[in-house]
Amino acid sequence: MKNIFRLENIVHRYSERTVLDISKLEIAEGEVVALVGPNGSGKSTLLRILAFLEKPTEGTVFYNGKLVKEPSFTQRREVTLLLQNSPLLRRTVEENVSYGLKMRKDTHNIKERVKRALEMVGLSPEIFAKRKWFELSGGEAQRVALAARLILRPKVILLDEPTASVDSESARIIKEAVFKARDEWGSTLVIVTHDLPWVYQITEKILSLFKGKLINYVPENVLAGDWKPYNDGLLALRLADGQILIGAGSPQSGSLALLDPKDVIICTEMPEEDSALNSILGTITSMSLISESGQVLVKVNAGGKTISSLVTEKSVKNLHLHPGLKVYLHFKASALKWI
Amino acid sequence: ASQYLMMATTTSTDNTGLLNVIAPAFEKTTKIELRWTAVGTGKALELGKNCDVDVLLVHAPDKEKKFIEEGYGINRREVMYNDFVIIGPRTDPAGIKGLKAIDALKRIKSKKAPFVSRGDNSGTHSMELELWKKANITNIDKEEWYIQTGQGMLNTINIAAERDGYTLTDRGTFIKYEANHNGNPPLVILVEGDQLLFNQYSVIAINPKRCPKVKYDLALKFIEWITSDEGQKLIADFRLMGKQLFVPNAAR
Amino acid sequence: MNYIFEGVIGAFYLLLAKDPETYSAIWTTLRLSTLSITCTLIVGIPLGFLLGHYNFPGKRAVRTLVDTLLALPTVVIGLLVYAFISRRGPLGDLGLLFTIPGVAIGQFILALPIVVSLTASAIEGIDPKIYLTLRTLGASDMQAALSSMWEGRYAVTAAAVTAYSRVISEVGVSMMIGGNIKWHTRTITTAIALETGKGEFSMGIALGIVLLAFALTANTLVSSLRRRA
Amino acid sequence: MKNIFRLENIVHRYSERTVLDISKLEIAEGEVVALVGPNGSGKSTLLRILAFLEKPTEGTVFYNGKLVKEPSFTQRREVTLLLQNSPLLRRTVEENVSYGLKMRKDTHNIKERVKRALEMVGLSPEIFAKRKWFELSGGEAQRVALAARLILRPKVILLDEPTASVDSESARIIKEAVFKARDEWGSTLVIVTHDLPWVYQITEKILSLFKGKLINYVPENVLAGDWKPYNDGLLALRLADGQILIGAGSPQSGSLALLDPKDVIICTEMPEEDSALNSILGTITSMSLISESGQVLVKVNAGGKTISSLVTEKSVKNLHLHPGLKVYLHFKASALKWI
Amino acid sequence: MNYIFEGVIGAFYLLLAKDPETYSAIWTTLRLSTLSITCTLIVGIPLGFLLGHYNFPGKRAVRTLVDTLLALPTVVIGLLVYAFISRRGPLGDLGLLFTIPGVAIGQFILALPIVVSLTASAIEGIDPKIYLTLRTLGASDMQAALSSMWEGRYAVTAAAVTAYSRVISEVGVSMMIGGNIKWHTRTITTAIALETGKGEFSMGIALGIVLLAFALTANTLVSSLRRRA
């Protein structure tokens, strides 16, 4: 498939502080990409760069195969971004939603299109079209802002936490609307969200940012804490309930351990002793089906930390896993990656 | 009127209302519209130097002569005069009533009575400075009693009234001032009739050799008209509060 | 005190009896101020946007300079313009002295720093996210500039109102360049100056009230436009 | 326990539109209350009234037993509210956090307290204290705003979606911080959130708003759609996969059906035919443990709609429920409540 | 054109040769403008806040009125104040005529609508959520007012700068109430008016440049304060 974005050696700094450092990133046309990572990891900054709103301090951006120095007007118009906590313009809802079309002088049948865009985000046009920007609740405003993007049927839609303050029913509607964009208009989607079950549902392609760097793990399991030297050059982290996590490797000081949910095995019994194997007792707090993949994300609370494990539906069935069950989590000390 | 003449004049001719009488009459006779800008004499002369007006009506004979000598203007004709008077509070604290102008100033200085000067290089101011010079009084610039306003005549009179002071004014403006106070003003004439207090108004055409664009022909028509019997009679008949303000004296 | 009382009555008289001199001055003021404010807004608002929106080296210096020009006294502007348009000045052939367009040039210089400075402040006051939003919605540079001005419309209107008030109340430029020529370049303010110079204080106040009535009309219009937006 | 708030016959309108209509509401001192409801249901409006920022159009508010006409200064200072998408002041992070204390002239040891407040929300004071308000990511800003409230140790803390754009690790830290406030300072808490699992974890007292009215159901199951008359005076809603939901009662037109998760029974087999009994086939998508209550919230996707059921841990175990399993949801037609 | 050239040279001469008349006028301008702007800001900023922040019946009318008063010509203000403080006026006994405090009264009336109107616009431009935030953090009415002014500090400073510029560049009030009395109430602007009236155009321009240098100093100060905040 053709790449719509290719980023090379991107570094972005705010007054000497490096907040983004990506050596290579490719996004294919029509792809759905989830962008995840903790607060401050650079997700919004990356979206601003993809939307041509900001120029990276260093590095090159290719859009549709072409090197972008100064984004052309057409290029800019093909990409739209829903900002985090996007403000509305000081106009009515209708005018907010139709703004982009008006700027494009594309006003054919505009009333009808505004109506449909509002319906797409679950807002009744009769009730909301004439409202002023300040006459909306937080979630309503968020959805108006989204409608203003969807109406443009852009080639690339970048969404920064589109469901942050939206109720669960509306979140469902929005998720549908976003898929419609991909399926009907072939839009490329990049979505920032902290809603990990959603992420697993919508795409396999998950970009995970951590302190400005792309990492290869979904940051489900970030094991921060006071890692201390242990036997045999291993490191240990003591949990609140006295259990000990063991990691291998030689991290730099202050670094964090990451654990891929796929590397965690759930057992209902205590396994054999093995110094390099972790075996942590915890309680299942939740289990979510990951779309059609037949996998289940199981979250386990162990000594105050939540550790996730990705297991097949079959083993869930076989092991009779259910929330509230006490289980053992097994993973190798070497499964911990340090960043 | 399709043709018009641009004149720069001093404030006194405009403030008294004289020009409001002259302009329509002039237009009626000659079909030439008279437009004027009323500024200080100094500024009027400067406008003339820059060829921005066609004709001047001013009252500072020394400066006018210099203006002509330097080639800026031609055809200076005397038009009318009035006189200067020294006015002051009715109570006359310095006791100058009836004195000659020079003596009055000397008296004012010795009593340190407030004297309000226009201090604006206007015709009146020039006259005042000349009088101080003739009275051999110098270095009064920073004296507490010597107040320099840098304003027009009427404002200066008002300041003098507020300060219970004396000032030198042309008679036209004083009559106007009297009129403003319905004939009962706080300041009254204390010194008048001195030969030194003569105030001559003249018209000057701007020199077309220096200023090719000026309407010299119209300027000449105006000069001719204002010095004619018709113009002179209008001036003589102009009255405020029933008093004559200007005396026509155009030489034939 | 009497002046004020007589002035109020005088104002009614001038307006109701349709005093021709007064109406001539009102008409001149209207033509002149419309001309000068239009030019000022056309030039000043874009400049103000540029100054408020973009960051460039020396921006602070430019800002300080514009703020300093706010303090240009009208007489000085009058002199500067006079130096150019006097017959012996470089633009003398245009014959602008003692004309309304000539005065408008001066008023333009007077009002421009006001419009630029206050528009720049208005733009700086807008949430920077708004501009980003406009861009993400596909607005061109020009469209984004216009729309962000619309977002700050109250402050931009305030800039325009302040500048317009300055223009109609100024006397130095009108006097120096216009010459206060009766029936031609006499504005309400130069008429006030004339009457005051004559000592006709109540007439001055009466004309002042006429000017305020004029300004009130203009502001009521602006205010009802504001309400609609 | 003493009531800290009592609201009576509160009606609030924005230009003729009634957005809040609460006949009675009591909140006890030291209680933790969750306020839930779809977008636009009036949650933020209610919080503004509780924070004395807005006066209800009609009705009376009692605070601490006293009728509040004009809130006194002390009353106002005892209650603090974290606004939805709370803006920061145009100052440094440190000045934002210390602002409330400075206004109270309570500046004893202020640097230290700011430090601790930042740590409470998971921000390192060394990194963030000196930053300017705009040098923060969305989630960081949200947490600074929260720290500015927590530092005040107020009697009542009202939080409007405190974890909306916060990453999961920080959300955990924030949740802990909020509990610390209740446990150590005895603060009363009212929390608006769309994160229902969290809600079930923290409190039993859930206030559910719907179109401005308090309803007795957690709005987990809001069954909106085109309800049509059916046999025997019943109503029917056809799902996307052809199954039919049946409801009893005589709703007004345009009204919605609510279904309490407690009223939904999960079976693994088809029950006997009964016209007044719904029996809907669906797939379990997720299961979450509800804190210490021993109950599990099971979400089932049936014909595109998500229906939740609250079941005991025991029956989860007995039925071998797991995500991905096809199950039947049973509930009476009369279990549907109309609003 | 020569005027301008000579004016620039003249300005240097006046400043460098420490011309006593010029320095007296500068000193008077400084004292006078400091007095009047201080009073104006103390009264005007709170009024502007009230007008911008609160909604009350008739607010739009008050706003329109204030905007209209922006157009008060300085000469008219001079006349009005004169009517009160002249010896024959009701406040004549205070002896304010031809004094700096007297002029300051007039300049206060001149600058007040500017400060009120622009401060109100500045306050209106602030995100209303900011005020709510201040309240939720426990700010008293007064503290919240001060803090929201701080939030809109750029626009409030712009109001102050505009008013100050208006005050130092005005001539009508200073002339009418101050009397342009040499060594006493002669300010830079009245001196300019005088020189211009005399036809000393280049001197007028020189003094104009002196005034701009004065304003530049003030604005540079403000700008460096702004930078720190």
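The chains carry the letters A, B, C, D and E, assigned in the order they are written, with residues numbered from 1 in each.
Please note the rule applied: contacts are C-beta pairs under 8 Å (C-beta built on N, C-alpha and C of every residue); 3 or more make two chains touch, one makes a residue touch a chain.
Predicted model only: the values in this text are computed from it and were never measured.
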If you apply the touch rule, which chains end up adjacent to both chain C and chain D? A, E
Which pair wins on C-beta contacts, B-E or A-C? B-E
As a quick test, compute the distance in whole Å between the mean CA positions of chain A and chain E. 55
What whole-Å value do you get for the distance between chain A and chain C if each is reduced to the mean of its CA atoms? 54
Distance from chain D to chain B - Cα centre to Cα centre, in angstrom: 87
With chain centres taken as the means of their Cα atoms, state the distance from chain A to chain D in Å. 23
Touching at least 2 other chains, the residues of chain D are 85
Residues of chain C that touch two or more other chains sit at 89, 127, 196
For chain B, which residues are shared contacts with two or more other chains? 155
Interchain contacts, given as pairs of chains that touch: A-C, A-D, B-C, B-E, C-E, D-E
Can you name the residues of chain B that touch chain C in the complex? 6, 11, 14-15, 20, 35-38, 50-52, 152, 154-155, 157-158, 176-177, 180, 211, 213
So in the complex, which bits of chain A are touching chain D? 14-15, 37-41, 43-44, 84-85, 135-140, 143, 160-161, 164-172, 194, 196-197, 222, 224, 283-289, 294, 296, 306, 313, 316-317, 320-325
Applying the document's contact rule, which stretches of chain E touch chain D when the two form their complex? 127, 129-130, 132-140, 143, 147, 150-151
Spell out the residues on chain A that touch chain C in their complex, using ranges where they run on. 48, 51, 53, 73, 76-77, 80-83, 85-87, 89-90, 99-100, 103-104, 145, 148-149, 152
List the residues on chain C that touch chain E in their complex, please. 1-4, 7, 60, 63-65, 67-76, 78-80, 82-84, 89-90, 114, 117-118, 121-122, 124-127, 152, 154-155, 158, 161-162, 164-166, 168-172, 176, 188-189, 192-193, 196, 201, 204-205, 207-208, 211-212, 214-216, 219-220, 222-223, 227
